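Multiple structures are listed underneath, in structure tokens.
Heads up, the next two complexes both have chain A, just with different partners, chain B and then chain C.
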Partner chain A sequence: MNAALASARFTHRAARREARLTSIAVGLTLIVGFGLTALIYAPVIWLGILSISGDPLSGLPGEFTPRWYAGLFTDTRWLDPLIVSVEIAAGVSVLCMISATLVGRALPRMRRGRGVLLVAFLLPLVVPGIVVGIDVFTFFRMLFGIKMGVWSIVLVHYLWAFPFALIGMLVVSSRFDARLLEAAADLGASPWRRFWDIERPLLASGVATAGMFGFLLSLTELPRSIFVAARTQTLPLFTWAETMSRGSHVSLIYCLNSLIAVVSVALSVLSVWLLGRRLKS
Partner chain B sequence: MAVDAFDRSAGLTRPRSAGRRRSALRGWIGSERAPVHIFAAVWAAGVLAPISISIVFSLLRAHGLRIQWTLSLSAYQDIFESGRWDVVVRTMTAAAIVTTICLAAGFPFALWLAKRVKSQRLIRVVWMLLTVPFFLDPSARTLVWRGVLGSTGLVNMALMRLHLVDAPVEWLLFSDFSVYLGLIGPYFPNMVMPVYLSITLIDDSLIQASADLGATAAQTLRNIIVPLAMPGIVAGVIFTFVPVMGDSIVPAILGGGKKEYLADTVMSLSTTMNYSGAAAFATIILAMTGLLGGVFLLFRRRVLLAGGGAA
Partner chain C sequence: MSAAERIDFLSPSVRQSVPALIAAGLIHRYGSVLALNDVSLSVDEGEFLTILGPSGSGKTTLLRVIGGFETPAQAETLEIAGVDVRDLPPNHREVATVFQHYALFPHMTVGQNVEYGLKVRAMIPAGRRRRAEEALALVRLSDKYGRRIDQLSGGEKQRVAFARALVTEPRILLLDEPMGALDEKLRREMQVEVRALQRELKATFIQVTHSQEEALTMSDRVAVMNHGRIEQLGAPADIFDRPATRFVAAFMGMTNIVDGVLGGPDGGLVRLGAAGQTIHGVWSGAGHATAGQPAFAAIHPHRVAIDPPDDGGWTRLDGIVRAAAYKGAYTEVMVETAMGGITASAAGLAPPEGSPVTVGWHGGDCAVGPAGAAA
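So, the complex of A and B:
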């Protein structure tokens, strides 16, 4: 009896100690976890602060002024790279939407080879950008003698973005109830009608996410483009060139990239929100 | 019966009649699998073939844009003889350190997010915070560290103002430290996401059962959660280690050319048009990736076996 009581008291004390240790562990986890997340955002916020500072090159904020942003209107060398980037991103986005829909809607319903195909499609996720860049260049330029240009930028952006687009699509399509199509077929709906009236509305958020992932990943892609761009200049390549030459136009870079960061954050929040809403309903 | 036929043809229009090759072909053309197969073929030719070409190229000699079709190991020989092996070792060390830090911080963070957070909204906010970094210009977000870590930058100014140091700390920028710091943030989500996904798949009742049987939290962690989350952990290690190893932007901007990393070497080899040398380095990166992929498969199989044994 006594022994049982003592043992119960011991377990109780052990449990309390464990609870205390757990709360310390959780606290530490949160500090470190959000600390590392802050390592991503702090530089971006700092970029925004410096872009309205009098002397951004000093590295310290102060004397807040909109003059660098005004400078965007006088020094417009950034405009052409921006247009090129947006055009390429739009193309990649459309390619991603079409191919992610085609593949993503059928993949969950396939019986054979599903795993192998998924691995093949997601493979670029684990191939570093620099390897993709050098390989696409050597393959097409050296082996086949095809000159690099806009097409090769689109290609490397696409093969970087497609896995993400496909994942975005699969999040939605893997929960799609195929019996709905069967029911429609039994009721005499044509294949096209089944796709347009049933699959399209249910998969729409996946298609939108695929398109936005494609657009954003292409708009900011740099390591692959460096190798395959030839003379084409995208906005990240422009930023990169200015950064590496330590030119005096850093203030311009700061403004431009603050604006791009705002757009990227807004669009990615929107696409993740779209996916989340889909899953909830 | 109807469902079975539907599944078998996956094309809705008609069930495949057994053994008739021609009608099977006609069924394939009408089916929704067909575009996937065609796309897979294009994908193999346009993406997988180029990605694997560096293995071939590293064994050839190329002069400028001309290829000599003779096998040679000289590209690899050059790596050893020109002392570039250092670069490989330095890059692997950096990738290992960054991956370890991300894992040490990311596993508990993912565990907290998967098992402790009850609010769906908070989960979505954190998930969003981890997604956005994929969509930021790598050179712009890295460039700013120069202003923060430089000798007249934020950190040094603060340290001097507080009289903690008399002269600016020089090793903050253009050093291994600054490269690690620049790499940790952007690749932290790569670690958290797969680990989180694998932990959410662990049934809560297993954890509850372990506690009911008298296991301490540490024992449950070691014997239940970590083994079951192993595929996610290994995937996280791959998704962190591999891109860190191949990152060309952070070392170039924050390494300041003093410390050369793999990607710097590949870039300089390709600007001097030594493509077989660059391909040899690319092959080394791919080989490391393949090795880690093998480890992943090993763990996945072990977990599957353990799961099968339990069931």
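So, the complex of A and C:
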């Protein structure tokens, strides 16, 4: 009887201990999760607050004013770099959409070598940007005599963005049911019609995501561009140079970066939403 | 206007004496596995043929070869309605498939799914719509034209798959385990409905299934496959009562199979010697019966009687009841005899375990075939 009681007490104590451990784990997860979120977003929000502050360079908010934003209209030196950047980003985006679609369609259908190829395609993710920049600079310029400029920037941005674009595409294409293509063929559809009627609409969100990754990553890319830009000035190169110069127009940089952050977040949210919607259906 | 007139576009436009399918010498391998081992098959226009077999028997491969999704390693003949299709991809073959998981296009409505086969044939939208609506009416889904696929139940999806395949007027409709994803009750209903549809359209259906019941209730003929071969091809009653091989007998639910040596003929029946006794049965093998050859005798449990009449037409065995299992409509009684365990389906009360009992069957209910062929 006593032994039974003792055993029951022991069991209850163990259950309480396990419950305590579980709540500690949950608490830790919450703290780390929120902490990380704050770590990521607080500086961006801080930047936004400083951009409407009287003296952003002091690093302290206060005396809120829209004058720096107004300044963007009087000092328009940022406009040309922006146009260059958007053009390059658009080019990278198109390249990413096409190549991610081709590779992303093919990979899930391969019977052998799929894993090796995937790793090979995704490896550039972990190669430091500066290394890529120097590599392209030496390899293409020294070896082939290619001029540095817009196209070399497009190239390094593309190398940088492609793995991300591919991942975005694979999220959709790896879930694509290839039996639908058999069904379409069975109903008389030619290979082209199968692609156009079945794959294209079902992979569209993956293509859009690939394009958006390409656009955004190119728009904000700096370390690779530094080596291969020559005299071409992209927006990140412009803001970087301005920030380093500590000149009187630095304040504008706060506004410019805040705007870029807002646009980037909006586009990212849109692409994640698009992907999520496709996955649900 | 009768239903048959209304859907006249679905029936084969020209009645020909050419079979819907002629296949001969089909061989296909997956690696070292022989999925199709010299398969030959001919299906008449308007026939409902079922390819029956366990998984891995090659039945799905055969259907995929007919549909064009699989190119056989060798094919002497593969003709659909008289056209050699050996070099034609699926989109150039006049067949349509109802896939096991339906493979409906998730981004299209019910109507768009059904119209797809017509759209790729460049039919004008108005005509497409009319025919899609007729096809949907045929499968009793008239009100679902504008629905999204994910709003349909499993049974409705299956009907859409049928409508989508039928609307293109295929020379042969291929059915890949079409009832596989349905629940028991719906499956029974659809078996009847699909058979009625096929009769109404006078269309050629080739179905693949592992369900003995589906094969027997729906088909004009059944081809039983095993290890890449067609072991027997015949009417459902022949397959069920006159299995030509040991495998077919077992697959048809003949749990009572006795091995022995063939004796001589005996007034329309043959004799089989086993365990010192003589069994009478009907020769069901493909070839001639030769006295002295090893053979099997097989009998369905529901044809085994407890306390059979004592006359010459009946094989009688004394035994002891070992176990009884209640199955609802009947009770399955396991009787230990000199020939091993014999299972009988008893309609009434089963004799108690351990009691002596005599079981037996009529010679006409017992199938005898050659042993070994593909055991």
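One rule holds in what follows: the second predicted complex is superposed on the first by the 277 of 281 C-alpha atoms of A that agree within 3 Å, B and C clash if a C-alpha of one lies under 4 Å from a C-alpha of the other, contacts with A are read in each partner's own complex, and residues count from 1 in each chain.
One rule holds in what follows: a residue touches a chain if its C-beta (ideal position, glycine included) is under 8 Å from a C-beta of that chain, and two chains touch if they have at least 3 such contacts.
The shown structure was predicted, so the numbers you read here are calculated from the model rather than taken from an experiment.
> Once chain A of both complexes is superposed, is A:S93 in touch with chain B (first), chain C (second), both, or neither?
Neither: A:S93 stays clear of chain B and chain C.
> Which partner, chain B or chain C, is in contact with more residues of chain A?
B
> On the A-aligned overlay, A:R179 touches which partner chain: chain B = first, chain C = second, or both, or neither?
The answer is both, since A:R179 touches chain B and chain C.
> What is the contact status of A:S152 with respect to chain B (first) and chain C (second): first, second, both, or neither?
Touch status of A:S152: no partner.
> Where does A:G188 make contact in the superposed view: on chain B (first), on chain C (second), on both, or on neither?
second
> Return first, second, both or neither, reflecting whether A:D197 touches chain B, chain C, both chains, or no partner chain.
A:D197: touches chain C, not chain B.
> Scan A:T234 for contacts with chain B and chain C and give back first, second, both or neither.
A:T234 contacts neither chain B nor chain C.
> Enumerate the residues of chain A that count as touching chain B in its complex and touching chain C in the other.
The overlap between the chain B and chain C interfaces on chain A comprises residues 179, 182, 185-186.
> Would you tell me which residues of chain B are touching chain A in their complex?
Touch list, chain B to chain A: 2-3, 6-8, 10, 12-13, 30, 32-33, 35-36, 39-40, 43-44, 46-54, 57, 62, 65, 67, 101-102, 104-106, 108-109, 111-112, 116, 120, 124, 127-148, 150, 152-154, 157, 181, 184-186, 188-189, 192, 216-217, 238-239, 242-243, 245-249, 252-253, 263, 266-267, 270, 275, 278-279, 282, 285-286, 289, 293.
> Give every residue of chain C touching chain A within the complex, in rising order.
By the definition above, chain C touches chain A via 67-69, 89-92, 95-97, 99, 101, 103-107, 116-117, 120-121, 150, 164-165, 168.
> In the complex formed with chain B, which residues of chain A make contact?
Residue list for chain A touching chain B: 14, 18, 21-22, 25-26, 28-30, 32-33, 35-41, 43-44, 46-47, 50, 56-60, 99, 102-103, 105-107, 109-111, 117, 120-121, 123-132, 134-143, 155, 159, 164, 178-179, 181-182, 185-186, 191, 194, 216-217, 219-220, 222-223, 226-227, 235-236, 239-240, 243-244, 250, 253-254, 257, 260-261, 264-265, 267-269, 272-273, 276, 280.
> With touch defined as at the start, can you tell me which chain A residues reach chain C in the complex?
177, 179-180, 182-190, 193, 197-198, 201-202, 281
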